[in-house]
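Reading through the structure tokens given below for one structure.
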Amino acid sequence: MDSRIGNLYPSSKFTFIILIILLSMFVPGFIFQYMIFLFIFLISLFSGTAIKFLATFMKSIPILIIFIFIFQVFLIVNEDSQQIWAFIHFSQIGLMTSLTMTSKIVAISSSIIWFFQVTRVKDIVYALEQSGVSQKVTFVIASTIQLIPQMLNLSRTIADAQKSRGIETEGNLFVRAKAFIPMIGPLVLSSIQQIEERVLALESRAFSSKAKKTSIYELKKQKFDYIIMIFCILVLIVYIVWRIKL
Amino acid sequence: MSYLSLKNVSYSYANGYEAVQNMNLDFDLGESAAIIGQNGAGKTTAVKLMNRLLIPTEGEVFVNNLSTKKATTAEISKMIGYVFQNPDDQIFQDTIYKEIAYGLKNQKLESAVMKNKVEAAAEICGLKESLNEHPYNLPYSKRKFITIAAVLATDPNVIILDEPTAGQDRESIERLGKLISHLANQNKTVITITHDMEFVVREFKRVIVLANKQKRRDASPREIFWDKELLKLSDLKQPFICQLADTLGYKGILTIEELLERDKNETYYN
Amino acid sequence: MSIISLKNINYTYPLEEKQTIHSFSLDLEKGCVYGLTGANESGKTTICNIIRGFIPELYKGELTGEVMIKGKNINDYNIGDLATIIGYSFQNPFTQLSGVKDTVYEEIAYGMENIGVSRDKMIQKVNEILKMFQLEDLIDKNPFELSGGQKQRVAIASVVALDPEIIILDEPTSQLDPKSTEDIFEIIQLLKKQGKTILLVEHKVDLLAAYCDEILLISCGELVMQGPVKEILSDPKVVEYGGQLPQVALYFIKKAEANGSSASQVPLTVQEVYDHLNKDGEA
């Protein structure tokens, strides 16, 4: 994560992707939206997250796109559909629909992926707290994010413990299904157990104190944050005015 | 070849961290041993290699002449039982009986035979009265005995105990001691990881010291606990009675009884 | 005035018939280290939870008797604010972490954030605590990625950061190796020097003998023995009540028995024997 983009205030980056999302939704056609993808890719190159960005994007989005194309172009029957074979048709309208649809998905998903790759969860939590979101909400967000890797570790240990008892946890679907209860059981039971202990531990750190909370972590808005925000809002206004005039 | 044998075994985790380096260990049936060493010395990795939770990156582990590279963990688990440090990592049944019986399910036993096996295992672990209770009705220290009983019921030849004494009171530690000698009498091998040096002195004739991913020494408690250079290098300490004997100027003493005996002789010769 | 005073406490957990604690009275004096020991399930943790107010605040059940903290009834305190008077740290290093902080530095500050300490003061205090607990090398590490011993040190450090006068440590070393155990006891020593009152639940009597002022022995929910370390840990009655005696004491008791002499006031630790011998040498 490039420190200059990483250290921007979350709401600046958030305003930026909101602008991108709005524009992708309202600009007609699909060329602009696909350009957005290239643009976001360039920004992630600049943010130092390009490889991570491509990896995450490629793992999830292309499958969805291919699915939409097949569905729209070959399966759904439009006015201009021409039968190819049995239930398979080709439709020019379908092709256009899928291009518009997928271009929006690509633009929006790529900007969201980029946002989460260049913004620390802790910054989001901090920004939420500063903007007055309840401590309980931010606690849930922060603890969920921190605890997911711990749950993964725990499930690995449980798998090992059950394997040592002769329970097969690897193999075909049937074998895995049989191992489901021995795997999930301890995970649920010990998680409940841990919650009880964690409640006490949090209470020992004055969790329920009525005082106004402070934060040792600090993130300040920089000049650049204001520039981005103003820029984004200006672009949005210019676009709206331009559309209305048309 | 010994029943359980590690031959030039090294193990590195996927992230490249090497946890065990060129280790050689042999265990015959009926030969128990304690494994001691600081955290990070490689103790847990070493025992996970024994029951094929891990497969050596170099070298080989043999159980009853079968290389763990050529077997499944389920096959090895019939010969090597492993009791994890935290019982809550494996308990999932709603009664203690079912939890102990779970490992026997695949053996297609008659119900009477199964019942006998479960009850016998529960008996040595002090759980006979609680068989119908929910495991979580018992405190952590007792839950540990449930997982021990579950392993004993399947009757493996080697039983690995990972820190069985942690958080246990005197009575439970004594029970563990009895259990270990009971198993030794049945020609089983018990391999125990522990930080409790007094427990080691009382229950084991063989001690393996691991430090910095390697086996440092494999010898009797007396040799280990009076090798002060070794202890220092491995960040370990003498048991209290050895420290006391050392302070009093007696070398080689291991137990209170030996120290008293020594006193008697001193008085006699005086 | 005692800093903690329990008067005739009786407690039964919800849905249980048997009383866990009976007629338990106890006075703890400021600045002393108390070793609370006894068999598993004898009620040690329950007593700690009562002193901290978790019983009856978080666990229901039937509680009678009176808990006074610094001369004031515990019910007159807000449970959140009690964290600044009584620090409480537990057995399992893992569940003690707040789970919302990704560096040791912030983990230690968490309690102070909750009571609204200003940022400047917080930074100063965190640095002080990091030094005291020798955690300076770990400040940027994720607390979850530490070893058990390191986690336990961070957990205790986070509680001590709130500057409580009383610190309860419930089996802090049961999951730790000998080196980490010793580190924790060194910290206890330091805290005592700062005038903290410490209640330490522990099975390792050999270490209690070296570090505590008084021993409290609990058996089946009752306080059966209480007194100076020397007096209690040389008394064979401890074993009858499910507790244990230090190895060194056991030796001297048996030695006295063999000689037919009485075994009161035997040495409890190797250090004590060493000091005694060296003093004789000088004399």
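Here the chain labels run A, B and C in written order, and each chain numbers its own residues starting at 1.
Everything below uses one rule, namely that a residue touches a chain if its C-beta (ideal position, glycine included) is under 8 Å from a C-beta of that chain, and two chains touch if they have at least 3 such contacts.
Note that this is a predicted model, so its numbers are computed, not measured.
If you compare A-C with A-B, the chain pair joined by more contacting C-beta pairs is A-C. Comparing mean CA positions across the assembly, the chain most remote from chain C is A. Note: centroid distance chain B to chain C, computed from Cα atoms, is 29 Å.
Between the Cα centres of chain A and chain C there is a gap of 45 Å. If each chain is reduced to the centroid of its CA atoms, chain A and chain B end up 46 Å from each other. Residues 122, 139, 142-143, 146-147, 149-150, 194, 197-218 of chain A touch chain C in their complex. The residues of chain B lying in touch with chain A in their complex are 48, 51, 53, 72-74, 77-78, 81-82, 84, 86, 88-93, 102-103, 106, 136, 150-151, 154. By the touch rule above, chain C contacts chain B in their complex via residues 38-41, 91, 147-149, 171, 174-181, 203, 206, 239, 242-244, 246-248, 250-251, 254-255, 258, 270, 273-274, 277. Note for the complex: chain B touches chain C at residues 38-40, 139, 141-142, 163, 166-172, 195, 197-198, 235-237, 239-241, 243-244, 247-248, 256, 259-260, 263-264.
Contact residues of chain A toward chain B in the complex are 154, 157-158, 160-168, 181-182, 184-186, 189-190, 193.
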